[in-house]
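What follows is subunit A paired twice: with subunit B in the first complex and subunit C in the second.
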Partner chain A sequence: MFRYYLQLGFRSLRRNPVLTLLMVITLSVGVAASMSTYTVLHMMSGDPIPNKSDRLFVPQIDTGNMIGYTAGEEPDDQLSYPDTQRLLASGQGVRRTAIFGINSAITPERADMAPLLTDGGATTSDFFAMFEVPFRYGNPWHAEDDARNSDVIVLSRATSEKLFGDVDPVGRELKLGDASYRVVGVLGEWEPLPRYYRIINGNGGAFAGSDDFFIPFSAAVRHEKRNSGNNNCSGDAPAAGYAGWIASDCTWIQFWFEGASADDQFVIKAWLDNYAAEQLRLGWLKRPVNTRLRNTMQWLKHLEVVGRDSRIQAWLAFGFLLVCLVNTVGLLLAKFSARAGEVGVRRALGATRREIFHQYLIEASVVGLVGAALGLALSFAGLWLISKQSGAMAAVARMDWTMLLATVLLSVLASLIAGFLPTWRACQVRPALQLKSQ
Partner chain B sequence: MEIRPIVSALLRNKTGALLIAAQIALTLAIVSNAAYIIRDRVAVSSRPSGIDDESRIFNITVGSIDKPDDAIAQQKREEQLLAALPGVESVASSNQVPLGQSGWNMSLFLDKAQTESSAHMAFYFTPGPLVKTLGLKLIEGRDLIEADVDEIDMGNDNRLGHVAVISQALARKLFPGGESATGEHVFVGNAADAPEYEIVGVVERLQSPWSQHGDDGEYSLITAIRPIESYANYIVRTAPGQVDRVMRDAEAALTRPGSDRQVIDKQTMTETREQRYRADSAMVWMLVTVTVLLLLVTASGIVGMATLWVNQRRKQIGVRRALGARRFDILRYFLTENLLISSAGIALGCVLALALNQLLVSRMELARLPLGYLGGGSLALWLLGVVAVYGPAWRAAVISPAIATRSA
Partner chain C sequence: MLKMTRLSKIYRTRMIETHALRGFDIHVREGEFVAVTGPSGSGKTTFLNIAGLLEDFSSGNYLLDGVDVSGIDDNARSRLRNEKLGFIFQGFNLIPDLNLFDNVDVPLRYRGFAAAERRRRIEQALEQVGLASRMRHYPAELSGGQQQRVAIARALAGTPRLLLADEPTGNLDSQMARSVLELLEAINAMGTTIVMVTHDPELAARAQRNVHIVDGQVTDVMHETAMRAVERIDASMHSNA
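Let's look at the complex of A and B:
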């Protein structure tokens, strides 16, 4: 009977074509609005490194002075250079890394090419293992390179292809700023969404932009590279020159711990509190101990990478879907109640209420299926419109398989919910009354 | 009037009426909140920046890989080069652009002994006629002049200028008593060696690069510095309608063969404004679309339901007509019925709108909905209901009394 009812359902689409079209459009527009805005939300709030997001931790230490001090205030999101050095050497967790952004021009070997203006990161060798960065050619530099301030560089795939073409450039030299660096590796496709490893950046934010190169942290400091991005200094101005700046309490470096398990969050947090207490005693820190240690998802939530506007839009879009649902209930009610006579005849001929229920619910879900097809098409159109807003939106306004499936499911579910009341009403038809009036 | 029979008819067939009322309630809740957000975003993104005729302004940032030995001479050469281009009215280099979204944010102190800063403000510095180039309105004191300019090797020199022109909003914040700011002294930071500035003039308005929503979006200070840097950002005012051409010419002139300069960034002020408020305009368009669709869907729901009712009651209408009811009575019946349902929906909708607003206030830090938006939304939905029901009601009114005599 299922197939027969399905057939009937499709055939009945052609009965009251205007009413049916109205239902399909209403349903699909509602589904498209909510699914395209929800897709953006889903992509924004995704876990960028699901297998270890609960054991990658970001520390925060309150480095301000006592001027304008409020107890329990959120410490700065980045660390100072002296703290970074001590945390790197702490031995806490299984790996540690620090990163800051650099703006620099790369001069290619070929004289006929203009220098490239690039944004990259200065970090330590553990960075690549911690964030599971794929390599197309070569390897990360080694811990010894960090210790020896080696002038080595890892390029993004796009930068490497711009400079050297589609060949393995490992071992070749290039000029970054005014110093020469040896290429040790080229990254594979690596576009974590959001760019969680360096959310605070001056080139694109959480969802757009990329790092064109990575060089050792120690080499960047030796070449006196200043960071591109935020640099917060408390009341006392740092002493003049680069040495004065890095010795100051200005915060400009992002730091990560990798724990052996999620439980290490407590261990490292305890160590961090201890560290802050000791630095307070030594006079480096001025404020009472005030630290944070967040895992990846807590960190993303803290930095509010999911835009408030995107959430408002998704909420209102689901409200819109609700109105569309109520509307569809009304329209289905109109459609089904026009067929009370038909129901009466079937019931009189022996069909049970259950049979009638099946038939009409299947008919409702046929409307849902057609709505799903149209809704899917409209969702893609909606996402296309959203992606036109900005580079960041283009990165997140992409439908993945989960969302595709969710869209189809939502359409059918919506039509089933919408069909329930009208179907139930159709079942209540009393055959005797219908037959008499005809 | 005939309200009682309408109500008792409605009570006998509640489902459809309840659905329509629910739909109107939800629509009102969403539309009134959406309208408020739209109004708010439009107001925010149309605030004036203080710049006179933004369509004539652009900025271009050029840089060299190595810091040139003659950075200052190079900047002066480039300023002259730009000023000599046809269509250029004024040129000034500046560390940042209003609405540019990145720049210097500093704490200002009236007295170094203070522990809390007097204001956080946007810190502009320029060696040239920035006030004139942006077309800012000087309302007090004087503009910065050549003799005010300090040449500073940024990063290796802790000096940071010594005279300042500030915005009126900042002057009011610093001197709430209304006394003149000109001649007063302020400090950036409160450290022992914090730079001190003499305020020499006040401009009517200058937004910060971030153009924050509150008064602080207009807290700005301009000082006279020529920075010794490997890059420079030039702001250019052009003759009307020539901004795109002059920007192309400027790029060609600055990067002509033999120069080691590269263009890091270039943007017309119109583009800068668009970029600053891109999220807001996207939000506005999204909400306008949802609002229009919502009204269409609700109208179609009302039309659909009214058509159904008319069809179900053809015979009764015929009987009424046969018993002497005029067409106008039938029309009035359906219009009144619709008004009753709409009113119930609107009453519920007002409650829902306030609840939704409460949710947005508590979870999204939105402002509270002014009641005027509820009134406006209610009126719009009443009208929508009347317009939507008029068609089906008219078709009911033209039903012939003869139908009463037929049997099915």
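Let's look at the complex of A and C:
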């Protein structure tokens, strides 16, 4: 009977086409508004590395002094250089990495090309394996390169193509700032969304921008590269010069641990508390032990990667869908009420109330299916408009298969909800009354 | 086939109680063609609705083809309507956006017949009413008489035991009315029991028995033709003896 009801549903679209069109438009506009805003929210709040996000951890240590101290307040999001060095050497987890941003000009080999102003990151060799970074050419540098402060560089694909064209540049030299670096690798397509590994100070924000290159952390320090972003220092000013700065408690480095499993969060947190207690005893830390260790999704939530505005917009859009649903209920009531006579005939010919209920609910869902088709088209149009707002919006205003399917399901579900009351009313028709009044 | 005993139907509102049927007795035997007549408001349609299991009755007994229908649930009523009854209405009650084939198909769908069986029955029923060549037409493309024929085909397709007709010729001119009535007589001749509500005495005169209702009660009148038929049967029995 399902096929029969489905046929009847499609056939009934042609009956009273104006009413049908109104229903489809109402439903599709509501679905499109809610799904386009929800798609943006979904893309913003997605898990950028689902297979291991629960075992990638960001540590925070309270390195402030006692001036203006409030117990339990949130420690800084970044670490100081001395803490970073000790955490890198801690052996905790299976991998550890640190990263800070660098702005620098790259001078190409070709004399006819102007230098490129680039944003990149200084990190350790574990970074690439930890974040599963794909390579188009070559490989990451090795741990030995970290230890030897080697002047090696990994380029993004776009930077490589700008500098060398579409060829493998591994082994070629380029100048970053004043120093010469040997290219060891070129990244493949890698655009995690959000750009979780370096949200703080990442050029373009959490959803747009990219790193043009990566060089070893140790080499960057050797070349006295300054951090291109936030640098928070407590009341004690650092000593003069680069050496004084990196020896200070100023925080400017983002740090990540990779655990063997999600349970390592407890192990590493315990170690971090012990570490902070030890550093407090040694006088490096001034405040009572106050640390955090968040996994990837906790970290994104802490940084409020998805803003309150985005959530409010999504709620408003779903509120609008509700208004559209109420309108659709009214239109379906009008459509089904006009067919009370048919219900009477069908009941007289042997249809049970349940069969009438199924028929009309399926008919409502057919309206939902057609609404889904139009709703999808309108959703794409809505996302296109959203993407025009900014680069960050362009990055997240994209519909994936999940959201595409969700749009269709939402439309059908919305029509079923809207169709419930009119269908129930249709089932209450007293056939005897209808048959005589026909 | 249809037996109602001391049946009553009371419509109640907060202020008024209306006795549509009271102490209503009727017994329609298998193969009969019974006309139910009476003035407007006498309870003819109420009787037909109760007979067709479209309405409940307030008290009394109703046996339909030997089945006591008092207190049965909606599903069982629907099943009985579908399997045992056929309806013909004054206003035809065809579904306008279904063609003739699909209109006749409606009760068969609820019966759960396979596609091939449904097709066979639909074609046969439309053939019987002389509209087999127009099965892809829509009701609006037919005359009133033709529409009523389709309604008859729809009622017949499920091979009902009892055909209930409510003023089947009420919306037709005399020529079309005659042809519809001839069709009903032919159907009855093939063994289907027919109960027809009408206020047209000429039409009622064509039935084998005429049940007259006044104020929700029955006056059972045997029709002249039937009496003559009984006399003929009696005479033949005597001569054989």
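FYI, the second predicted complex is superposed on the first by the 432 of 438 C-alpha atoms of A that agree within 3 Å, B and C clash if a C-alpha of one lies under 4 Å from a C-alpha of the other, contacts with A are read in each partner's own complex, and residues count from 1 in each chain.
FYI, contacts are C-beta pairs under 8 Å (C-beta built on N, C-alpha and C of every residue); 3 or more make two chains touch, one makes a residue touch a chain.
Bear in mind the structure is a predicted one, so any value in this text is a computation, not a measurement.
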- Clash or fit: how do subunit B and subunit C relate after the overlay on subunit A? fit
- Touched partner set for A:Ala338, first subunit B, second subunit C, both or neither: first
- Does subunit B (first) or subunit C (second) touch A:Ala105, or do both, or does neither? first
- Message: According to the stated criteria, A:Leu435 is in contact with first (subunit B), second (subunit C), both, or neither; which is it?
- Response: second
- In the overlay, answer first, second, both or neither for which of subunit B and subunit C A:Leu117 touches. first
- Can A:Ala348 be said to touch subunit B (first), subunit C (second), both, or neither? second
- Message: On the A-aligned overlay, A:Val94 touches which partner chain: subunit B = first, subunit C = second, or both, or neither?
- Response: neither
- Message: After the superposition on A, what does A:Gly307 contact: first (subunit B), second (subunit C), both or neither?
- Response: first
- Give one of first, second, both or neither to describe whether A:Thr26 is in contact with subunit B, with subunit C, with both, or with none. first
- More residues of subunit A in touch with subunit C or with subunit B? B
- Message: So if I take every C-alpha atom in subunit B and every one in subunit C after superposing, what is the smallest distance between them in Å?
- Response: 12
- Both subunit B and subunit C touch subunit A at residues 438
- Considering the complex alone, what residue numbers of subunit A touch subunit C? 1, 4, 11-12, 14-15, 341-342, 344-355, 430-432, 435-436, 438
- Item | Touch list for subunit A against partner subunit B, complex | 19, 22, 26, 29-30, 33, 37, 67-68, 105, 107, 114-115, 117, 177-178, 202, 226, 235-237, 240-242, 245, 307-309, 311-313, 315-317, 319-320, 322-324, 326-327, 329-331, 333-334, 337-338, 386, 389-390, 393, 421, 425, 438
- Note on the structure: In the complex, the residues of subunit B that touch subunit A are 15-16, 19-20, 22-23, 26-27, 29-30, 33-34, 37, 63, 65-66, 102, 115-117, 155-158, 189-191, 193-194, 262, 264, 278-279, 282-283, 286-287, 290, 293-294, 297-298, 300-301, 304-305, 307-308, 311-312, 356, 360, 364-366, 408
- Item | subunit A contact footprint on subunit C (complex, rising order) | 45, 49, 52, 54-55, 74-75, 78-79, 81-83, 87, 89, 91-95, 97-98, 106-107, 109-111, 154, 158, 166
